[in-house]
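All remarks here apply to the structure that follows.
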Amino acid sequence: MSQHPISRFPVPAIADMPEDIRTRILAVQEKSGFVPNVFLVLAHRPDEFRAFFAYHDALMDKPGNLTKAEREMIVVATSNANQCQYCVVAHGAILRIRAKNPLIADQVAINYRKADITEKQKAMLDYAMKVAFEAYAISDADLATLKSHGFTDEDAWDISAIAAFFGMSNRLANVTSMRPNDEFYTLGRA
Amino acid sequence: MSQHPISRFPVPAIADMPEDIRTRILAVQEKSGFVPNVFLVLAHRPDEFRAFFAYHDALMDKPGNLTKAEREMIVVATSNANQCQYCVVAHGAILRIRAKNPLIADQVAINYRKADITEKQKAMLDYAMKVAFEAYAISDADLATLKSHGFTDEDAWDISAIAAFFGMSNRLANVTSMRPNDEFYTLGRA
Amino acid sequence: MSQHPISRFPVPAIADMPEDIRTRILAVQEKSGFVPNVFLVLAHRPDEFRAFFAYHDALMDKPGNLTKAEREMIVVATSNANQCQYCVVAHGAILRIRAKNPLIADQVAINYRKADITEKQKAMLDYAMKVAFEAYAISDADLATLKSHGFTDEDAWDISAIAAFFGMSNRLANVTSMRPNDEFYTLGRA
Amino acid sequence: MSQHPISRFPVPAIADMPEDIRTRILAVQEKSGFVPNVFLVLAHRPDEFRAFFAYHDALMDKPGNLTKAEREMIVVATSNANQCQYCVVAHGAILRIRAKNPLIADQVAINYRKADITEKQKAMLDYAMKVAFEAYAISDADLATLKSHGFTDEDAWDISAIAAFFGMSNRLANVTSMRPNDEFYTLGRA
Amino acid sequence: MSQHPISRFPVPAIADMPEDIRTRILAVQEKSGFVPNVFLVLAHRPDEFRAFFAYHDALMDKPGNLTKAEREMIVVATSNANQCQYCVVAHGAILRIRAKNPLIADQVAINYRKADITEKQKAMLDYAMKVAFEAYAISDADLATLKSHGFTDEDAWDISAIAAFFGMSNRLANVTSMRPNDEFYTLGRA
Amino acid sequence: MSQHPISRFPVPAIADMPEDIRTRILAVQEKSGFVPNVFLVLAHRPDEFRAFFAYHDALMDKPGNLTKAEREMIVVATSNANQCQYCVVAHGAILRIRAKNPLIADQVAINYRKADITEKQKAMLDYAMKVAFEAYAISDADLATLKSHGFTDEDAWDISAIAAFFGMSNRLANVTSMRPNDEFYTLGRA
């Protein structure tokens, strides 16, 4: 059977994209060796593309106490719960690379409670899952639990915002039927 | 009993905000007569503030087939399902104003299936609720249903993106315990 | 688009109603200035009407420790969770009036955990929501939690019975597509 | 281990009950040979007792197209879904007697889709379960489905009201930990 | 209306079954006075039949701290939650016999929290229900709770395996529309 | 942080296992180059081990219309929905090998609706998921849908039994905290 396309919606040619978007995409391509499909799929809407990646960078590339690997753990755990193929496959690859651990992404995706991560990281993911599925019930007690594991209030904001942002991303990827690049499946497994 | 504060996290003074953020907030204040708390709460994180409002504007202020009132209907219906006090109260006010209808916001929030809206609008909200709660199951059949009601593929993207973006917003508002301004409760009810 | 009718089922003319029902309805009209639609919709079944309002009065008008406003909080919180337009709009109005607070009804409806109410009242609503959605799991521990907040066993019965009765009412209103009177939307907001 | 009492709340002695309630209870006792515990448990609150049984009789004893056995099927199916021990055991007994079928109550309680009942009765129970768990989504299409099976609009009201009333009853029985009389378990099984 | 057949799939004649299966079935028939339908329905697949009953016997007939009645309680409680008519009716009969208690099966099936069983047995069933519906979240804390009630680790395995095995059995019975034998409904009620 | 052990329960040494179990394990080891942990973890209970693998083989190694890869798809899709780390990782490897497709396991696990499989295979997985989560509602209509895709009644039994058996296996793996062997993560990805 044939592979499905990378998006249910039209995908612009790189040459036809606005200058700033083309520039970003070419930079990613040079660095990674391929263009992750999320860039191509969202380029259908340039203004949304710009806001999406500005938000992404503000959460994932900023300084902070959470390591890069921990941020990716949040993405991977919540994205599998949301059944988002693109996000689990692509961010699973990034998590393996960030953590220098070829097993961790599958473990965290399927059932983080059984993953080879610290108790503190499990508490982080318990909280992130509550943000993803029951944010209405987040209370002072949840923040206190995070604190008891050594997280600050700023860390709580970071975990919350990452879970919330990727909840949006999961929905966009599912609606567009965004296809993960083949490259992601094996990155970081060696 | 006393009112709870506008955020669980620190809120910067307007005078201390970066220039561009202060400018935007003062413009809103001049236009509306008050500063909606979402601006103050998110200003705690300037980069996230900028990306959030850029995204918001890209979805809510862009041209397109969906009316401004219809976009607000999507926000109000999904936000009540997510139990987001700030979003229902604030966007309920905007919906009443956009639709010039003092009853519509409460109707759409509580049970849009019983609201005084068109069958086409109910189909739009059925779809938006599926994006909010079961995006993993969105299929060609859902897009075909929208099309049978006269929506284009670009409209489908718009509805999806608004439901997804406010899903993020709902989670942020619930985590921060963002308080709706008192002004919103009565706006557009006269 | 036109407004939907007040019931999916036939609604009798006041003049054709049994004497006792007509008398009650006229008394309400004189007191309130309008006839709440629940009286007209349920009058289609006189015996059920009589039992419904006898039950209502036995719970809502009886003496007891719960204030009138607190009883309405239970109605408003559980009715929004049940997506009952009539009950949230009508009892939201009564709650605003009883509590002399124009903001409280929307707060309690959307997410009572963030409302300007006391911790004791939040415990009352936590319990009422459990009666509404997981009554099978109510245990001695739940009663003990209520007691720790100062509620008596008789208060527990009251909260339970109000949540249970309005759970019935929510279902009847949703099945009949009972329309809230326009008057309710603004009552108590001034 | 010892049996738990018939209610978590105080139960009045029959001699101490108001005249009308005592009279009704003694009549039931004479007819059935025992006093079903629901009468004793609810007598703790005389006004609620009166309204409860008036409502019960208005739905279960009225003329109408639904047979007495069909009304009990609605009670039994929805009460097991609500995990109400008293209602399943007591109304299961009544269903066996009304239907003159010793197997039907357990079948309907556990999974009515596999019970020895007609397709029309299964459609009735599908609808009743939707009233019990998703009344907010009941639409014209549901009423049309009932009609296609030969039910009238008045029948639809009856099914809805029975499901809604016993939803209340299930919650009261669970909160009070109402104990089914031993007699009910075997009635109608011979 | 006519009774539905004992399986949605073909059921072999006893005379046509493989020797070992026929022998087992005839032995059960001699002991019980009838052939429980599960033997006939599963005999459609001889290899699966052999594995199924080997597994059943390994869990239900082995020595261990759990009494025979307690093992049946696990079956009855989880099977009603899975809406499995065959398992609740057939194992309900066995539970009544094992426990020498005509009321216990209906109590445990409908709401074990209200059954006339010990606190230790309720803890066993709380745990079994978690295995049946949220096994992914079983943690050291759950095992510790069991231990606090006097259960050993081997008991925890037994409870888990019984809940898991009958979860499989419930699904098979529902898919095949396995009909409980009429005999089971009254066994052990005298 | 250190890796968690392969089971929460005691694991026997291969040398101490009963002859038949040791023989089977050594054969697997010779064929695969390692001993999948499920063999070691379940060997704690020899009788259950024997029944488990007899059942497994009766479903997964038997002749039939479903290909070996299709049977593994059922395992992988339902096991991720049940959050079973061992089953998704181990059977994901087998699926990649059987299907000679390095991408298919992750696709099927995360959201089979977006996987590179046929429409017929998606119908198979829709049905398998219904067996896993709503077997009580499986009806003639579900079987008819399978038939419309070219599946026979015997195929329906196979799909059902595989989903049901691995539902048991998922629960056992989650309760024992069964650890997937490191080897499985990369098998079939080259």
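Each chain carries a letter (A, B, C, D, E and F) given by its place in the written order, and its residues are counted from 1.
Methods note: contacts are C-beta pairs under 8 Å (C-beta built on N, C-alpha and C of every residue); 3 or more make two chains touch, one makes a residue touch a chain.
What you see is a predicted model; the values in this text were computed from it and never measured.
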| item | value |
| --- | --- |
| Shortest path length from subunit A to subunit E (each step joins two touching chains) | 1 |
| Type of subunit D:subunit E copy interface by residue overlap (half), same or different | same |
| Comparison of D-F and A-F by number of C-beta pairs in contact, larger one | A-F |
| Most distant chain from subunit C by Cα centroid | F |
| Rotation, 0 to 180 degrees and nearest 5, that superposes subunit A on copy subunit D via CA atoms | 180 |
| Relative to subunit B, chain with the most remote C-alpha centre | E |
| Subunit C and subunit E, separation of their C-alpha mean positions in angstrom | 43 |
| Centre distance in Å when subunit A and subunit B are each reduced to the mean of their C-alpha atoms | 23 |
| Of all residues in subunit D, the ones touching two or more other chains | 83-84, 111, 136, 174 |
| Pairs of chains satisfying the touch condition | A-B, A-C, A-E, A-F, B-C, B-D, B-F, C-D, C-E, D-E, D-F, E-F |
| Residues of subunit C touching subunit D in the complex | 8-9, 44-45, 47-48, 50-52, 54-55, 57-59, 62, 82-84, 131-132, 135-136, 138, 140, 143, 153, 156-157, 160-161, 163-165, 167-172, 174-176 |
| Residue ranges of subunit B touching subunit D (in the complex, touch as defined) | 111, 113 |
| Subunit A to subunit C touching residues, read off their complex | 136-137, 139 |
| Residue numbers on subunit E that touch subunit D, as the complex places them | 1-4, 80, 83-85, 88-89, 92, 102-103, 106-107, 109-111, 114-118, 174, 177, 179, 182, 185-186, 189 |
